[in-house]
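The structures considered in this document are given below.
Look at the two complexes coming up: chain A is in both, with chain B in one and chain C in the other.
Coming up: the complex of A and B.
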């Protein structure tokens, strides 16, 4: 009883980094309403990020006295990972969208960015369905505002409305799925739900469990742009500015995959479920989702003549690669290779290369001319050799060439898919690896085509470009991460392995056969 | 059929899942369906039934349902509606707190351990709404133009 009380009372201390972020957001919202300004509020926003990062790094919370089935938040290594990725990502996104923001709207944009980062951190920490849902909404709602803020043209309005409607639709699906899980297990605590699954109490109602899981997968599938839910991505990325597009390509995917890992019980305070306890349907569903998402994303990306649409479909394909890790995780004997750690690594790699690619577009665009068509980039190697080289690096990384982040990430995911031990499943996953390899080849085609356009053609209409200091800094950070993760991935691999490890052995429950 | 055993979790005893305890939902849905069927059938049965052109039009909140969907509204209606919602939800949230948390027979242990914490939480909630209120005021939402 005392342990439960102490656990509940610790919720505020566990959420300290998010409290710092949200307090800073309040200051920026209020201050910006009294005195608009980009420089001062951007600086305050950066201070908030740094403060939250310091709290994350130097104030680790001791979980040993907490009761998992009572705790609302669970600040384990996975949460630590999510917070660091969110805050570093937030800083890079802040710098990347700096030049695009009008003076009067900058404060609102920055405050929304702070709240959204707090939301991602809370998704990593959530150990309760209600907290998880609120954290995901804390990401979605500022995104609507950010999509609408920068521009007021017709395409931007279409993008904002499309994203808004589909996002609330997906939230409804997720909530519906949560209500089934609650109805079946009688609790909203994620660790307790997994215990109920591990005890096989819920097998008497397999239909309800399956329906609930299906709705949850659909709701989260929207956030990671898995295939039946990917339709909004190209239109929204194309219609909005480069900063919000980079944000949409990165942040919801981090949150979506971390939420998947938590809800499927791959890493967390509850028991880690084996393939039989999850039910064979779930890995099979993820298998199908991975195969379709990769294939449709890559095939549709081939037909795009707009870089932002191409990046959207390529993001869909990369989500498919990451779904490989989710599908195979229950069947892995050694969960340190492939599976969850590989997804966590790939998320960082994907973020660096995708945000970097949008940062290049941002550096080339001006207020009067938005660069997004393939032809706009013709002859970029002559007019802007530095930017062309950076974009080529990101595209090579998306192909997965060695010495780039994309290679290290794909390598880990593929190793995971090929190292299943059960005979029947390993056959199934070899097929999946084959599909992924074919997809990587299709992907190489359209990425190389863009590199060809940049290096082999001459410029039709030279681009002015407006790369300011902040844009160059964001670009440098993305280049740095892409090269670092490719050349020397060991440090990050260790970090993601630590984050993705299961806290509890598979069958830790007492009194089980 | 015998009832399944209660489940022991680290949080304590929990009732097992039992579908039959959900019978109020069944009663509710029967009432809902019954009400709509009875209303529709009843009005068809007892209405005089004089058909005019206006009466045959689908009813859409008093607006003409045929025409351009892009009608313009003044945005101030939306702003007021949203602000109303903010305070409405605030009240909705405060009411159960005020009634349940500090009532006479409240659990002594709960009061000792969480009484202050929950009070501080409510203050944080107030503060965040105050921030939203000041923000709206500075952005000129309250000026009825």
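Coming up: the complex of A and C.
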């Protein structure tokens, strides 16, 4: 019992980085109400991020004395990964949206960004269905505020309402699915649920498990914009500013995939794979989800003449690629190459290139002229050579050309998909790999079209926009990550591989009360 | 400088040149920088290659049974790029930067650096607009082209293979003809689509080997060695596994390489890209980039999947190559545009290469390898000459010209010379390659392929090649003088100047030297060609055993 109590008491210490972020957010919220200002609160916000990052890096929590089936949080390498990605992503998003923010709303925006980052970190740490749900809501609710903040024009309001309603709906689905899982296993602790699955206590109720899993997939599918839960993305991205759009493209996907990995038990304190063993239909469901998500995403992106809508559909397609890793993971004999580590790598690559693309649009836009049509970018190579080169790099990375992050990511996912050994499954996943390859070629069509518009055409109406200092910093970070992950990915590969492996194998559960 | 450092230097010098050219202020400065960079690169390549050739010739002609049956590159350099997880205690496998030289790539490396010089010279006055950018992309193209040939890691090969797309996309798209955007897009997308499927094949063979041997490697020589070990062991259950794996991998690789060659049904991007590309782009596209496809077959597809290459590769690709030879030649004959004629002649001539390689015997593979170098020289030369003609009159339509030999004497001499080399006149380079391919096609031994038929198609192809090229010569350069309409106030059109001669003369000399003395190429590649042949013979024996049962 002592171990259990000690474990419960450790929850606050395990959540220290999030506490730093949320405390900073309180300071910014309160202070911003009395003294609006972009520079000062932006700086405080950055300090908060740095503080949280320092806590993450220099205050690792020792899990060896904790009981997984009791613990509310589980700060294993996956959590470590999620926190670092969230915080670094938060800093880049802050810099990217800086110029767009009006002076008076900056503090609120920054504070929301801090809370949302904390939410992502908590998703990575959550070892309880309830904590997981709260963490996901901690991401959603600040997002509503951020979408509503500008209140400019009808499209922005429509986007906010659309996102709000669909997000609430998906949360309800998720909660409903969680309730089934609780009903079947009698516990909300994720490790305990997996253990119950592993002990086959619930094999009598496969239908309920399947229904619960289905609702969970639907609820999380909304966050990762998996087809058919992707409808909101293009409208919302188009209607809102570049900063919030970049955020929506990146943050919910990180949270969604990490939550998937946790809930499916691919890594974490519980026995690996147990949920899958109960519902064999689950990998098939993910297979189908991956195939239709990337295909629909890519095919619909071909028809877009608005860059932001195109990026929304491209985000859908990239989610499809990452779903490859989820679908194939149960069948991998060697889980360190491909599968979950590949997803974690691709999330970073995807974040760098997508946030970077939005940052370019942001740099080109001015208060009176929002750049988002394809034709706005005509001849960009002549008027803004630096920005054109950056955007071309991100687009080449999305195509998956070598020496960019996108290639290193796709390569690892493909290795995973082709690595299955069982004959029946390898047949199935070879087809999935072929579908993915065809999709990569379709994707190249519309990314290349944009590159062609920038480089092979002359400017119609030259764009006035210039990147400010913060925009340049954000872009430099995205370019840096895209190139670094593409040219010499070894360090990041080690990091994601470490995060993606099941850190605490089954025998740790022996010490359970 | 060690050869390894020279290999790195030849990859880095063009990139450094590209970076300097990109930031230079004027076209003049950029082209000067480009010329210096390609000359330095050629010097470095010669310094690298020339001492290696005697080393290559000195090797034993056939690997002994004690040695692993695989390529054994010299002067290799490797370091890890993307490490993979391994079981504790075992060495960590990785995607490597693994480069080296052997008989198959040494001449293609030299050809690449060699053709960069005329590519710069021919752009000298043709490119005025955005010159700094142009020379930057041109130089940037050299790095991946050389890299593909150097690469001995399958994924590194793919990396360079795909990277060639970007510079050429911009070269065609920005400085091309009226339909440049379509041409650039089609070129990029066709090659990329094939390439991604080839990537699946490259990953697939690694995984197939890993599943059987427990060893994860992307190094081409090691992969071939492991596959051969298993195939030679000849356990029937494993054979079924390897047969299926080889089929899938071979088809995936073929998807990528056939587009690049290009073979018959997927060749449609080539004429468009060639016609629209600026002359330098056409020269490098025909001279080097098409070889990436045939080189891929020779380096990766055939040695890694010999049984599939025999069972499916020989009938399928030989048939497609034959169709390509005749179809390309007939299309070339029908063209009014000289550049399009040369482009279709490439389809026809690359068909010879593929046919030679998939004869899967010593003569055929030697011929295919020689023809790669020959085609690079002669078609590169043809595109240079067409570009020079176009620069003078701004038309490429055959009916616009007549009797140009009277006006442009030196140009005509070169044109006739290069055409002769292209159709394979004895004494010039094309002859040796074509004869070897013919010999290879005659003696082909593969199920579903008839040597006599292949040889007759080759003969018809050679004949048609002469027909369309000489018809073009007759209509453009001979007969009564009729110059295309051009600005009559301008000074009369002059013959080749010193710069253009500098671009053409080395190619002409190379054509003669290789025509009279092709032995260094054959000798230096002997061991590697014999390795491939031995691998193919093994596949033939296995097929015979299966048939016998």
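Assume the second predicted complex is superposed on the first by the 497 of 513 C-alpha atoms of A that agree within 3 Å, B and C clash if a C-alpha of one lies under 4 Å from a C-alpha of the other, contacts with A are read in each partner's own complex, and residues count from 1 in each chain.
To be clear about the criterion, a residue touches a chain if its C-beta (ideal position, glycine included) is under 8 Å from a C-beta of that chain, and two chains touch if they have at least 3 such contacts.
No experiment lies behind these values; they were computed from the predicted model shown.
Participant: According to the stated criteria, A:60 is in contact with first (chain B), second (chain C), both, or neither; which is it?
Facilitator: So A:60 meets neither chain B nor chain C here.
Participant: Of the two partner chains, chain B (first) and chain C (second), which one does A:480 touch, if any: first, second, both, or neither?
Facilitator: Neither partner.
Participant: Between chain B and chain C, which makes contact with more of the residues in chain A?
Facilitator: For chain A, the partner with the higher number of touched residues is C.
Participant: Taking the superposition on A as described, I'd like to know which of chain B and chain C A:401 touches: first, second, both or neither.
Facilitator: second
Participant: May I ask you to decide whether A:153 touches chain B, chain C, both, or neither, giving the answer as first, second, both or neither?
Facilitator: After superposition on chain A, A:153 lies in contact with neither partner.
Participant: Is A:468 in contact with chain B, with chain C, with both, or with neither (first, second, both, neither)?
Facilitator: After superposing on A, A:468 lies clear of both chain B and chain C.
Participant: Contact-wise, after the overlay, does A:102 reach chain B, chain C, both or neither (first, second, both, neither)?
Facilitator: In the superposed model, A:102 contacts neither chain B nor chain C.
Participant: Let me test your reading of the model: by the given contact rule, A:8 touches which partner, first (chain B), second (chain C), both or neither?
Facilitator: In the superposition, A:8 touches chain B alone.
Participant: Which residues, counting only chain B, touch chain A once they are in their complex?
Facilitator: 7, 9-11, 14-17, 19, 22, 109, 113-114, 117, 128, 131, 134-135, 138-139
Participant: Name, in rising order, each residue of chain A that touches chain B in their complex.
Facilitator: 4-5, 8-9, 12, 26, 29-30, 33-34, 67-70, 183-187, 189, 192, 195-196, 199, 201-202, 204-205
Participant: Show me the residue ranges of chain C that touch chain A in the complex, using the header's touch definition.
Facilitator: Chain C residues touching chain A: 80-85, 95, 155, 158-160, 162-163, 165-166, 169-170, 173-174, 180-181, 184-185, 188-189, 192-193, 196-197, 199-200, 203-204, 206-207, 210-211, 216, 248.
Participant: Using the touch definition from the top, list the residues of chain A that touch chain C in their complex.
Facilitator: 334, 336-337, 396, 399-403, 407-408, 411, 414-415, 418-419, 421, 430, 433-434, 437-438, 440-441, 444-445, 448-449, 451-452, 455-457, 488-490, 493-494, 497
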